[in-house]
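Every chain is named by a letter (A, B, C, D, E and F) in the order it is written, and numbering of its residues begins at 1.
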Amino acid sequence: MADNLYQKGINKIQELTASPDDNPTGFMNIGADFKDIAPDLEKYVVEFAFGGVYSRPGLDNKQKVLTTITALVAQGKPQIAMHIKTGLSVGLTPEEIVGCIMHLIPYTGFPSVLNALTVAKEVFAEEGVKVDTSAFE
Amino acid sequence: MADNLYQKGINKIQELTASPDDNPTGFMNIGADFKDIAPDLEKYVVEFAFGGVYSRPGLDNKQKVLTTITALVAQGKPQIAMHIKTGLSVGLTPEEIVGCIMHLIPYTGFPSVLNALTVAKEVFAEEGVKVDTSAFE
Amino acid sequence: MADNLYQKGINKIQELTASPDDNPTGFMNIGADFKDIAPDLEKYVVEFAFGGVYSRPGLDNKQKVLTTITALVAQGKPQIAMHIKTGLSVGLTPEEIVGCIMHLIPYTGFPSVLNALTVAKEVFAEEGVKVDTSAFE
Amino acid sequence: MADNLYQKGINKIQELTASPDDNPTGFMNIGADFKDIAPDLEKYVVEFAFGGVYSRPGLDNKQKVLTTITALVAQGKPQIAMHIKTGLSVGLTPEEIVGCIMHLIPYTGFPSVLNALTVAKEVFAEEGVKVDTSAFE
Amino acid sequence: MADNLYQKGINKIQELTASPDDNPTGFMNIGADFKDIAPDLEKYVVEFAFGGVYSRPGLDNKQKVLTTITALVAQGKPQIAMHIKTGLSVGLTPEEIVGCIMHLIPYTGFPSVLNALTVAKEVFAEEGVKVDTSAFE
Amino acid sequence: MADNLYQKGINKIQELTASPDDNPTGFMNIGADFKDIAPDLEKYVVEFAFGGVYSRPGLDNKQKVLTTITALVAQGKPQIAMHIKTGLSVGLTPEEIVGCIMHLIPYTGFPSVLNALTVAKEVFAEEGVKVDTSAFE
């Protein structure tokens, strides 16, 4: 049963990151680097965060990642980069990702938004993604 | 032109809150209570937040309100209640609103989520809204 | 197995709160009030927070509750009250609880500490607990 | 010497709050309510915060209180009210206090500012203070 | 009219940064780097933050920048550096800038203050600014 | 008397960091780098934080450092590294330090914990410290 929950979490991560079967967690940091100091961390990330919370009904994957990005921008966390990549993977358009960050100006102020856009721009450059800005012309 | 931007903001608020023409800002707090100490606040809220940011292309209204609710939960702000009402008004289901709050557990921890669910439960009771929990049975 | 993890969490809560067998979760808010909007919340609280994290080796119960109180003071969360009660239940002395809050002045500033001491004083009054201040005479 | 530092702090508080000699700390909360749980808190507040930091050269009293109010608005602390009263006492105009809060919109977002203006409006009402808004007409 | 508000914002930035006519925004980051992902960001920064909020009556420029620096220190934002440069430009003395940061110890704790002083020291070194510390001798 | 409080603070720092008599503050950053911009900072750190708060009765040194680490993790401050070193110096086991950080998952979420574990892992590597993970086998 615990194995099932772990597998459910791995499957969810593979779905979110569109990773191949021989590397199902792909670019996602699931805490595997901490085996020597906190061997149970990976289990919590996979089983609780992905097998549990990310597998909950209520929101679709695009909504879940948008919610994640928003929370990380509001808190100024460096994990924004990884979750922007996940957003592109689940089908959020670059315009939706930028739209989410820009929408936060009235709620977090400009500095949090500028910091997050800097990260978004870097991820988009790495991934070869262009933002369609024609709606602003 | 400024009048146009103000009107654009009022129109957006009316659209978001489904308010009648004779009370277009409905339940939304647009800062009108502060005319005697900060007469320009209402203009900033209407023109910048709603005529500007909320009228931006990129996200649809449901995504915008979901993003707003998320930011407020992450920060523990009392404005959560008003924006949950807005969420219901733009067509977010109660399941999506609860889903958004629950999704934040791995990013903000339990206390922020418990505090936000308490507010959601009160708003749902006021609005006569039931959450469909059959997916959990 | 899931039932086992749930039971493990309930046992941990009973241990932490010194609650009787017919009300094993005692004064602890485990999310049971949210059955109608988030039926899975209680499971997450019991299984993950208590069956998992609180049952981890590394810290004893007194250290765990001291750590919890500190995090809640640093964040200004209202759950401080409940966890001060838990602290008294696991054997933290009132002097240790006050010591923990006072120790945070250089890290969070005075306002967070004054707000937390106000809550501590209320809990101590409810519980009939006196702080031994003779070391300051 | 310690007595001198304590007296220096009391003198500073009296100066900031324009309190009479028979009640030199006036409306300022200096932690005296916590004598029974943290007898040393008052000493820290008076000696360190007021005898030390508030007595530092570099800023005048108006600048010091403006800085204090700003920090409390940015953090959403309830102590805003007491420090707005102190601001009025040291000669900040109501327009400067409102100006400080409004200036934070681009840095903290609207909700923090709306919450602080609500407090400012209450303090101004209690104190019989009117804001001159003619510059906005 | 929108052009006027944009120009008003540019003028305010030029005034704050003492920039030459052929580079009126000088060292200020107004979001121009994000034209390819968020073409409207610069307009919001210039029109709303500078044409609007920074052009508000109530505080003078020195008070406005002091308030900005305080908010950024309280939040730990990297934009502190740019706004310390702006502070020097509008005539805040280095002693006032350091005084503002030091004044925050009782409200944010030491770590935020140490981090901000590290930034201030770097900016002062770049700008060839010396702090007069004779008042402490 | 002030000299005595300063010396009391230095003695406490030496005790906490197990530093030699000819370098009693060892690896602890006491603000000495800021003599040229804030000459009084070191005095505040030594006298108030260490001569005062750290010398308070109520908690033992291990509890004090655990509380400090927790507050810094909850706030995401870079000072975590220095205080993990202090923790090892006062006799906290690596398992207690990791236990404290891991215990925060339900209160701060995963990102804060992952960031802190990254720092802990670096400090442990520098110090040649191994975490005993046999309890997880």
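Here are a few things to note about the model shown:
In the analysis below, a contact is a pair of C-beta atoms (placed from the backbone, for glycine too) under 8 Å apart; a residue touches a chain by one contact, two chains touch by 3 or more.
These numbers come from a predicted model, not from an experiment.
By the document's definition of touch, common neighbours of subunit D and subunit E comprise A, B, C, F. Interface matching across D-E, B-F or A-F places the copy of E-F, with more than half of contact pairs shared by residue number, at A-F.
Note: the chain lying farthest from subunit C is E, by mean C-alpha position.
A separation of 23 Å divides the Cα centre of subunit C from that of subunit F. Taking the mean of the C-alpha atoms as each chain's centre, subunit B and subunit E sit 31 Å apart. Within subunit E, contacts with two or more other chains are made by residues 40, 44, 48-49, 53, 56, 72, 75-76, 98, 102, 104-108, 110-111, 136. Residues of subunit F touching subunit E in their complex: 29, 31, 33-34, 36-41, 44-45, 49, 72, 75-79.
Per the touch definition, subunit B reaches subunit F in the complex via residues 104-111. Listing the residues of subunit E that touch subunit F in their complex gives 76, 94, 98, 101-102, 105, 110-115, 117-118, 120-121, 124, 130-131, 133, 136.
In the complex of the two chains, the subunit E residues touching subunit D come out as 48-49, 53-54, 56-59, 63-64, 66-68, 70-75, 95-96, 98-100, 102-108, 135-136. Subunit A contributes residues 1-2, 5, 40, 44, 48, 52-53, 56 to its touches with subunit C in the complex.
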